[in-house]
Structures are given as C-alpha cells and as structure tokens.
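This structure is in structure tokens; I'll ask about it shortly.
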Amino acid sequence: MNKVKIGIIGAGRIGKIHADNLLRHPQAEIAAISDLFAGPELEEWAQARGIAIVTKNSEEILNNPDIDAVFICSSTDTHVPLIKQAAAQGKHIFCEKPLSMDIKQTEEAIEAVRNAGVQLQVGFNRRFDHNFKRVREHIQSGAIGDAHLIKITSRDPAPPPEAYIKVSGGIFMDMMIHDFDMARFLSGSEVEEVYAQGSVLVDPVFAVHGDVDTATVSLKFANGALGVIDCSRKAVYGYDQRVEAFGSKGSSVAGNDFPNTAVLSTAEGIVSDKPLHFFLERYNVAYIEETEQFINSLVRGDAVAVTGEDGWQAERIARAAKLSLQENRPVKLSEI
Amino acid sequence: MNKVKIGIIGAGRIGKIHADNLLRHPQAEIAAISDLFAGPELEEWAQARGIAIVTKNSEEILNNPDIDAVFICSSTDTHVPLIKQAAAQGKHIFCEKPLSMDIKQTEEAIEAVRNAGVQLQVGFNRRFDHNFKRVREHIQSGAIGDAHLIKITSRDPAPPPEAYIKVSGGIFMDMMIHDFDMARFLSGSEVEEVYAQGSVLVDPVFAVHGDVDTATVSLKFANGALGVIDCSRKAVYGYDQRVEAFGSKGSSVAGNDFPNTAVLSTAEGIVSDKPLHFFLERYNVAYIEETEQFINSLVRGDAVAVTGEDGWQAERIARAAKLSLQENRPVKLSEI
Amino acid sequence: MNKVKIGIIGAGRIGKIHADNLLRHPQAEIAAISDLFAGPELEEWAQARGIAIVTKNSEEILNNPDIDAVFICSSTDTHVPLIKQAAAQGKHIFCEKPLSMDIKQTEEAIEAVRNAGVQLQVGFNRRFDHNFKRVREHIQSGAIGDAHLIKITSRDPAPPPEAYIKVSGGIFMDMMIHDFDMARFLSGSEVEEVYAQGSVLVDPVFAVHGDVDTATVSLKFANGALGVIDCSRKAVYGYDQRVEAFGSKGSSVAGNDFPNTAVLSTAEGIVSDKPLHFFLERYNVAYIEETEQFINSLVRGDAVAVTGEDGWQAERIARAAKLSLQENRPVKLSEI
Amino acid sequence: MNKVKIGIIGAGRIGKIHADNLLRHPQAEIAAISDLFAGPELEEWAQARGIAIVTKNSEEILNNPDIDAVFICSSTDTHVPLIKQAAAQGKHIFCEKPLSMDIKQTEEAIEAVRNAGVQLQVGFNRRFDHNFKRVREHIQSGAIGDAHLIKITSRDPAPPPEAYIKVSGGIFMDMMIHDFDMARFLSGSEVEEVYAQGSVLVDPVFAVHGDVDTATVSLKFANGALGVIDCSRKAVYGYDQRVEAFGSKGSSVAGNDFPNTAVLSTAEGIVSDKPLHFFLERYNVAYIEETEQFINSLVRGDAVAVTGEDGWQAERIARAAKLSLQENRPVKLSEI
C-alpha cells in the first residue's frame, strides 16, 4: 500500500484529534468521516480539511471499497460490532480503548480480525509517550538489569461528569486500563495476579454508581516482578502521569511534562508551573506518533505496535482488579 | 531534671552513634556504657569521651541509682527484659526498634513502663528526618487537604550478611517496620488492613531463611486513605528513601538527599552523584535530633516524641504483613 | 486581510521550516518559493506542499501582485535589497536575522519599510520560546520586582563549518545577536553600554578569520540593571540556552528542554539524557509561533511582535560588543 | 605535634563558631579566648566548653608559651598586627578574611609568617563546601576538559547594617573576595585582568558610603579561560551561592542547598522551600572542615589548604575590581 485511505467513525474530540494528526502524514488520506450527529458544523470542519464524505451512517464508510482502514472513535458499546464489520470488509482497524466491556466480546472481535487477516491497533497512546518509551528502553537494554518492581502513578486533574461516570465501566476499565497496558509494556511480562484497593474520597457520586475514585492495584508478573499502580480521579495540581522501574542494576524514573522550565524564587518559596494540564497536552505528540506508526505499519505491511491481544490482556487485568475490589482478595488472571 | 545521667547498654554501631550524639547535648551526661564484649578498645573509646564506667554487665547500669535514663542498643531479644528491669528501677528508656519480635512481650514491656511511670522512646529515627517532617507538616497544616494516599519507597543499598538475615525477624519486622511507623506518622491515622506481596529477587539466601527481599504492602487507613509501600534489600544506586502524600488539595513529595548538588554534563549525558549511601549518612541529623528531643523531653518533663505504643502499632502492622504474605490475603489489624 | 498569500525567498533549511510552519496556519497560503539553486528537488518538495510557483528568480515573487507578504530567508547580504524591493511593492516582510551587517544599511531598510507603510518582522525566534516567555512574564507582572540583573547563557553544540565562519559576521553579529535581543526582550530596557571579553578556545580556525569562539559580554541597561551574557561555539553536551532574571522581589530562572524526563540511577550515578540537540529541536514550537503571530498580525492589522527597530538595536549592541573586544574597553551604544 | 593548643582572638560570632568546631576535633584543645569586651557572659560560655583562660587582652594569648596556634577572629584592622606578633612568637595562625584592606600590609604579614616559619591559613571557608569541591574535582579530574568559562553567583539574603557597610571595605573586598578566591580555586589559574560593573539598586545607603550593592566582574585567566561573577547584597529568596564551570568536554554546575527535598504541588503551582538562609546554615559543614584541616595540617606538619598567598591574590583582584569600577575600564592585575 502506498497511500492509506481512511474512514473515521465517530467525530468526537478524540476522532478529530486523530483526523488532524493523520493530515500530517503524507501517506494517509482521510476519505470520509461519520458521526451520528453529523451536521453543518462537522461538514464545515471536514471541508476545511479536504475530507470529501461526511455522513451520519457508518455503513457508508464500512461498505466503501475505496477505504483501506477505519478509525473507530465512537462509544465503547459500538466497538465490537464495528470491528467485526470492518474486518468482514477487509479493512484495517484502529480502535480506541477499551475494545469492549466484555472479555468474550473482545475475544470475538479479535477472532474476527484474525480470520479476516486485517490489522487491529488499539489506542493505547501512552506507549508512544517520550518519557515512558525511554523507561522501557532502559529496561529492554538491560540498563536496570532484571526488573523487580514497576510503579505507575496515574491521576487525572478532575473527574468526568456524572453522565460519563455512569457508563464509563468503572475506574479499572475506563482509566486504569491504560496503566495495566503500561505495566505490560514496561515490564515485558504478563500480569498473573492482582489485588485492588479502592475508596471514594473525591466525590460521593462515584459510590452512587458503584465505582471508586481512588484506587491502588498490586500486581504480580510472570517473571516474578511486583507492581503497584495508584490512581485518582482528581489531582488539583494537574495531570500526574509518572512511572518507575526498579531492577537489579538500577532504576529508571520518569516524571511529568511541564509547560516551561522557568523557576520563580521569591520570599515565599521556589515555584514552578503545574504539569501540562491533561491528556491532550501531555500526550499530544504521543497521539501523533501512534497514528503515524499505524499508517507506517500498513504501508510497510508490518505488524502494528499495539495489537488486539494487548487490548484483551489489559481488559482482563481490569476485570480481575474489579473482582478483587469487590471480594477484597487477590485474583489470579487465570480466573478471568 | 536539669541534667540527665545516661547509661548506654550495647556498644555496637548504633550505641556508639547515640553516645556521640548525646555528647553534643549540654544537659546529657553519659555515666556508663555496657557491652557483653567490653574490653580495652571500648575502654579507650569511653575514656576519650569522658565516660567513667565501662562494664560487661548491664546490671551495673540498671542498678546504678545515679543513672536517670538508659539507651537500650543491644540485640532485639534483650529489649523487653531490659525495659522491664529499667522501668522497675525507675529509669527512663530509649530503646531501639523493634521493641520485640513478639506482640505480647511488647505489650508487657509497655505495661511495665506505664506502671513505673517512666518514659519510653522508641528509635524510629526517620520521624526526625528533615524531608519526612516537612511532608508531615504539609499534611498537618492542611496544605494538601485530606490525605487520600500515602506512598513510601524504602530500599537499602545492599542486603545484610546471612548471619543477620537469619535473626532479623524478616523484611517486615526488620526493615519495613520503619515504613509502617512512617505511614502512621505521615497519615496521622491508624492502619486497619494490609495486603503484602513478596518475592525473592535479590538473593536466594532470603528464601533459605523463609524471608523475601522485595516486597510491597498495601494499606487501608482508618480515615479511608490508602497506602502503598515498596521495599527492596538492594538498590545498587544507593539508599532510596522517599515518601509521597497525595490529598484533596495537592501532594507533597520528598526525595533523597545527595552528597552535593553538582551536575556534570558531558557528551555522554547529564550526571549527578548517587544519594547519600546508607542510613548513617542519610539519617545523621535525624539521629542527633531524636536523642536531643529525648533528653529535652526528660528535662522538661514532656511526653517523648515516639512512644512504646508507636512501637507496638508498627509491630502489629509488620505481623499482619507477614501473615498476609504467608496466606496471600488481606489481613485486618484486628486479627493481630 | 482574510488570507495571507506568501512568497518565500530562499529555500535553505530555515526557509523550508518556515514553509512547513506556514502550512499549518489556516489563513496562510504559500504561493511561491524562490531559490538561486531551484531545481527538480525543490519542485518536488513544493509540489507535495501545494506551492504553485517555484523559481530561481526572486523578482517573480517581488513583482507578483497576488503576493501579500514575503519571507526573506536568503543570505544576509541580500536582506536589505530584498526588504527595500518588497517594501516598494507594498509587501509585508518577515526577514531572518540579522537584517544586515551594516547599521546604516539596516537603517535604510527600516526607513523603506516605514515609508511604504508595510510591516517588517525580524526572525528573533527565541522571543517565542515557552521558557523565555515565562521569564519575561515574571518580570513584566512584577513577580520579581525591579530587574537588577539579566543573565543569559548561549552555547551551540558544535561550531559551524569554516565556510560559514568566514562570512558569519563574527560571534557577536551571528550568534550573540539573539542574546542581545533576548536581553532587551527580558529587561524591557535599552542597553546603554557593553564590555566584551573573547577568546579562541574551541578551534584556532576562528582566530584565522579574526573571530573568537568563546565570549562574555557585560551590559548596562538604561534602567540601571546590569547584564551578563556568556557564549560558546561548542558545548559537547548539547544546545545550552538558559536565562536568569534577578530582581528586588526574586528571581526567575529558565533551563534547557530535554527529550524526556527519564532519570536512570545505577551504581555509576544518576543520569539523564542531554538537552534537545540544537535550535531546530529546542525552538521547534517557537518557530511555529513566530510565523503564526506574523500571520495573525497581518490578518488583524496589528503591529508585529518583533520590529525592524528591534533588529536594529540588536545589531548596534553586536557592533558595540565587537568594538569593545577590539579595543578592550567598555563601549557606549551612543558611539555606534 | 600531637595535640594543638589554641588561643582564639575575638569572640564574636565567627570566633565562637570556630571554637565550637574545634571542640569536635580530638587533637585540638582551646586553651584561651580573648575579646575586648570579655565579661561574665563570655566567661560562662568558655567555662561550659572547658576553656580555662578568658581575657580582654590578646597579649595574654600571644605571649603564652603553651599556645601553639591562634585563631584571629577580630576586626580586619587588627589582622596584620596580630599576625606579625603571633608569627614572632612562633605560633601558627588561622586568620579570617581579608588579611587586610591594604595589599602592602598583607605582604608584610605574609613575609612575617614566612620568616618565622609558621603556617598561616586564611578563612576562605567556601573552598570546603561540598558542592564547590565537587565542581573543582570535575575540573581537576579532566571530566570537563580544559576550562573555558567559570561562572559564580553570590547573593546575600539581606544587606548588612549601615555601621558595617561603612567599614566593610566595599562589596569587592568584603563580599566578592570569597568569589575571587573561588574563581582561583576552581580554575586552578591566576586572574590576569578584571572588569567590574556596579550599581546601587538595593539601598541608597550604599551610595552614601561610596559603595555599590549589585556588581558583576568579568575575569581573564592566565590560561585563557574567561570568568563572570555576579553579586548582590539582597536576594529575598535566600542565600544564593552557585558556581558553573564550562569546558571543552562538558560542564559542572552546582546549585544551592535546601533545608529539605519536599515539593508541594497544589492548584497554585509546584513549590519547594527556599535555600538554606545564610552562610552559617549553608557553610556549616565547610566551617567544620576548614578548622579540621587546619588542625590536621599542623599535627601532620603538612602545608595548610589556603595560604597567605591565596589571601593576597584575592585581595589584589578585589583591589583591581574596585579600580575598574571607579575608572570604568578593564584593569590588569599587574597594575596592582
């Protein structure tokens, strides 16, 4: 493939980000975009970007023989049906995380992809973050020796609205799924057992929906290493995304990104600006890279960087963590 | 009391450190030191410091009516008997951690102290560390709001010799007991439940003695906050002692201390020196402060900063952690 | 003006950077590009970007009535003639620094621009750097009170080739001119006197061409503040670009940018990656912002952010610094 | 010499600091202390430290045949006469900086010391600072290659009282003399020429006494390296003492020391505590080391670490800087 013709399904915030990033790639061409609420506004937006087809009906994309690949950026409940349809049409797929809320459905989607011989990349954008990639390199190059411990901190600047909380699938499936994937990405080993603690400390609305807003998850990896993830829906000082890998020959620790390096010293103390506010700022370049690599994989015929299996494994860990919290006991992945 | 006359029991490394720190205090006077292996070397050491009595027999200290307070720096199995004897003689006590390996014995020691109306300070020196004190102030002043999460990293530069491992009481009682106390000190809340993960990744000798060398412990506090501690017997880059408190209004994070601030930039990268090597370097000032405050408390008649109850609580958490690891389940403190 | 049609004169590295950055701006349209060595390669490059006209002759751009603004990215000796021609044709101008090597010529160019009523922005890209902008804000907001001292460090990772050194105009006009502008930008005050020290420590080739490779310049500002700039042609650890402003109420210090925040700790020490390598990496976003703001100024009819007068003042300081070094004495700007 | 018997002349703040630091040294014994204003308070202070002789008359120390060495901590105008007398009595000498305000007198003092065959250490305590020592090691080990540039920042938290300013000898002799010595200490090369800028920006009282409160000094070293020092009498955020050495193979940069490493992140920003307040806090350990090394040198018969010649050279640079500021021109050291 020399040029990849793309259809985007779902024109929400993340769909539009992927679109703008794809426009930067000389071998990507966005042929169509669909959204249930497509209207004049989206048409204008699409026209300014030279996207010819704007439709309310995703079928127009899925059945369009000119389209090589689809970006599935619609709500989670639509992911699996859309993946199956796209696979059936022989289209490569980029799908936002999680693939689904249901492991069995996820497995069906992966099987459909496998049978169709198409590629499926899952939107674990953080794998493309400059900081986390460097920590992984420090592990893979042997710089820190055998990994003994993986630590991940993941805190959002503010909780989502209640409408979102209600359908989010809970903190493990919605938010920590990124961290579960990061744990696998960094350690290069599978998670075998998890133990989750959770608490409602930010806002009682989470309790109303059977969710928690603050959680820690302990991990045991197949290679004997241990892991700890901590997560909060609200860090008032901004998006807090850090990882630490500790091993037999050293450690690699990655902190946040900041809008600038200026440090103000006054009679009150030494002050610097807060971290980049949220995922759009922090992972701006990571989003660009994940679409670039997806396109490059298709053009070169290489395997994609983050597969359906990666999505499935992260979902299994999320499921195990939820069960662990419910039953207050360690849960083996083999139970899921 | 205007001047405190002190007898030191146990002239090992830590006993001598306390002695030298006591010499700096204008209201402390070291009257005697005892050690099972006292000999010419210790006599010379004592003479250079103006310590009149050197003996193999701790009874000479315990029965000496001129002595107001004892520092118990002998092996852990002697702590409880010595505390009881000292209390019976009406002497105030500074005792190294842990008070004992047995909760019941610890309770007896505390009761003896209470009945005798003397003071008992436990050697949790890290409470006096400049960094950790500042984090606690950030919590107590309300600067970070309600505490949601306490994180503690505690890694030694190198494991102890096998002879020590054998009698150490295990990683939870020997090493993490400091961190359990730190968790209580920082959060200002009691631990109600723990879950421990452990692994032998540093040296198989730990397995030989039924111990682990790498561990994480998840904590639930009475006030709803969560906690995570990670611990390793070997960080090749040096003593790694950090804490982090995260709350509704912010976070307070304290890192390591370094021998200097010099940063070398070359074609190979940006390099700085490793953290202060081990506890003697890192907690040098903290050791001075803990003896100072003990003496000050006795002179003023104030309560000591770290009580027998603090020692007892930390031991209970250590015991619970050990049980949790053995049975791979969360353990409530109320079980202990 | 709703859309700005642009012609780029000079298709070297910096011309192409500006072109790519202009392509991101919805109200900019690149109509033409000229280069003395235009050929098939440039034509292909232009075609991929939808640039219709590719020519060896800058007159085709200057005489094209459809073109609203020109980017002058050719060699320094062509700047003034091109500015005059463009002004005469009523075109707005973005010109790389320095405007010329000759103050009188620079004045003529500025006068031509003034008479024609067009806008001229000079390519002092560092004014748009996120770090330096924040320091300036700290000064302008009063956060550090009255400025007492401005310090600038400016070191390149490697010296340019001899061919460039020969025609560069010397370290003050070629390299430190950015720092002289930064000094004015930060302090908000004019430089009244300079004293320069210089030495050939990097490579004797600089001496061959009457230049130095290491220099410091002391500044006196009209508002009484002092300044110091240090400059080297070769910092083996990478591009070193830092500023510091010190005042009556505090200081604001901005450091380098790094490719990631990962810190590797091993038995050898604590290591992080070197700063972003050179100006293309460090000032990537600053280049984008300077073209954005230029276009925005034209569209809105606002004054540009960096004027011809700014270019002229920086050149005067460079000239004074050169004279100071030659005569080893402080030189007043009024002498120039 | 196995034990050094010491007399301290001048019981002000710095005399008492040296006394307390000497008490820590097992081979130092303070035999006497003198002060013009000696009274009951000083007697009590001395008694608590086991110092037998307290006198108003320094002659009692200088003529006491039991005393091996004197610490001269009295006012600057008394330094030279006291050095001469002590040397004549065959006593070793530790003298606070500057040796005198007059180069000729300083030379006489040094000659007296040389003729008497005694040792003279000058109180340039910063040479013993952990950070600056590490930078010097980075230079001397070749880690940064040939030194090209030395940068020193030296700012006090608050200006001294007017009574002190009046007799201080001015910013160069009183304050920057430390930095001039540091420049020599770091570079390992002699200063050959200086150029000074100065301004009264902190308090007009400095102008009243012909002094400045803000200054920069440019240096040329014999080995071709350049230097820049900046100095202020008032940094509201605390004692700001940093150095930077830049060379052919890299740089070594040392920052301030802080009371703790805790970083508070809130909705307002990222905050840490101000640097250690002033010289007593920052150079606490350096003061201990300078007395230790002085005693060790006497005991071993080694040369002292900082000689009278070092004091003399720093005074010459101070004198040259003052002349440079007065005449607004670079001044060669050979003129002094």
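Every chain is named by a letter (A, B, C and D) in the order it is written, and numbering of its residues begins at 1.
To be clear about the criterion, contacts are C-beta pairs under 8 Å (C-beta built on N, C-alpha and C of every residue); 3 or more make two chains touch, one makes a residue touch a chain.
This one's a predicted model, so the numbers in the text were calculated from it and none came from an experiment.
A.B. asks: Which neighbours do chain B and chain C have in common?
C.D. replies: In this structure, the chains that contact chain C and also chain B are A, D.
A.B. asks: In terms of CA centroid distance, which chain is the most far removed from chain D?
C.D. replies: Here the answer is chain A, farthest from chain D.
A.B. asks: Of the chain pairs A-D and A-C, which one is connected by the greater count of C-beta contacts?
C.D. replies: A-C
A.B. asks: Using mean C-alpha positions as chain centres, tell me how far chain A is from chain B in Å, no decimals.
C.D. replies: Between these chains, centre-to-centre, one finds 42 Å.
A.B. asks: Averaged over CA atoms, how far is the centre of chain A from the centre of chain D? Could you give it in whole Å?
C.D. replies: 58
A.B. asks: Take the average of all CA coordinates in chain A, do the same for chain C, and state the distance between these two points in whole angstrom.
C.D. replies: 40
A.B. asks: Note the residues in chain C that touch 2 or more other chains, in rising order.
C.D. replies: Expected reply: 235-237, 249-251, 265-267, 273.
A.B. asks: Considering the complex alone, what residue numbers of chain D touch chain C?
C.D. replies: Spelled out, the residues of chain D in touch with chain C are 146, 148-149, 151, 155, 195, 197, 199, 201-202, 214-216, 218, 220, 224-226, 228, 230, 232, 234-237, 240, 246, 248-251, 328-330.
A.B. asks: Please name which positions on chain A make contact with chain D in the complex.
C.D. replies: Touch residues, chain A against chain D: 235-238, 265-267, 269-274.
A.B. asks: Which of the residues in chain D end up touching chain B in this complex?
C.D. replies: 26, 48, 130-131, 133-135, 138, 143-144, 249-257, 259-267, 273
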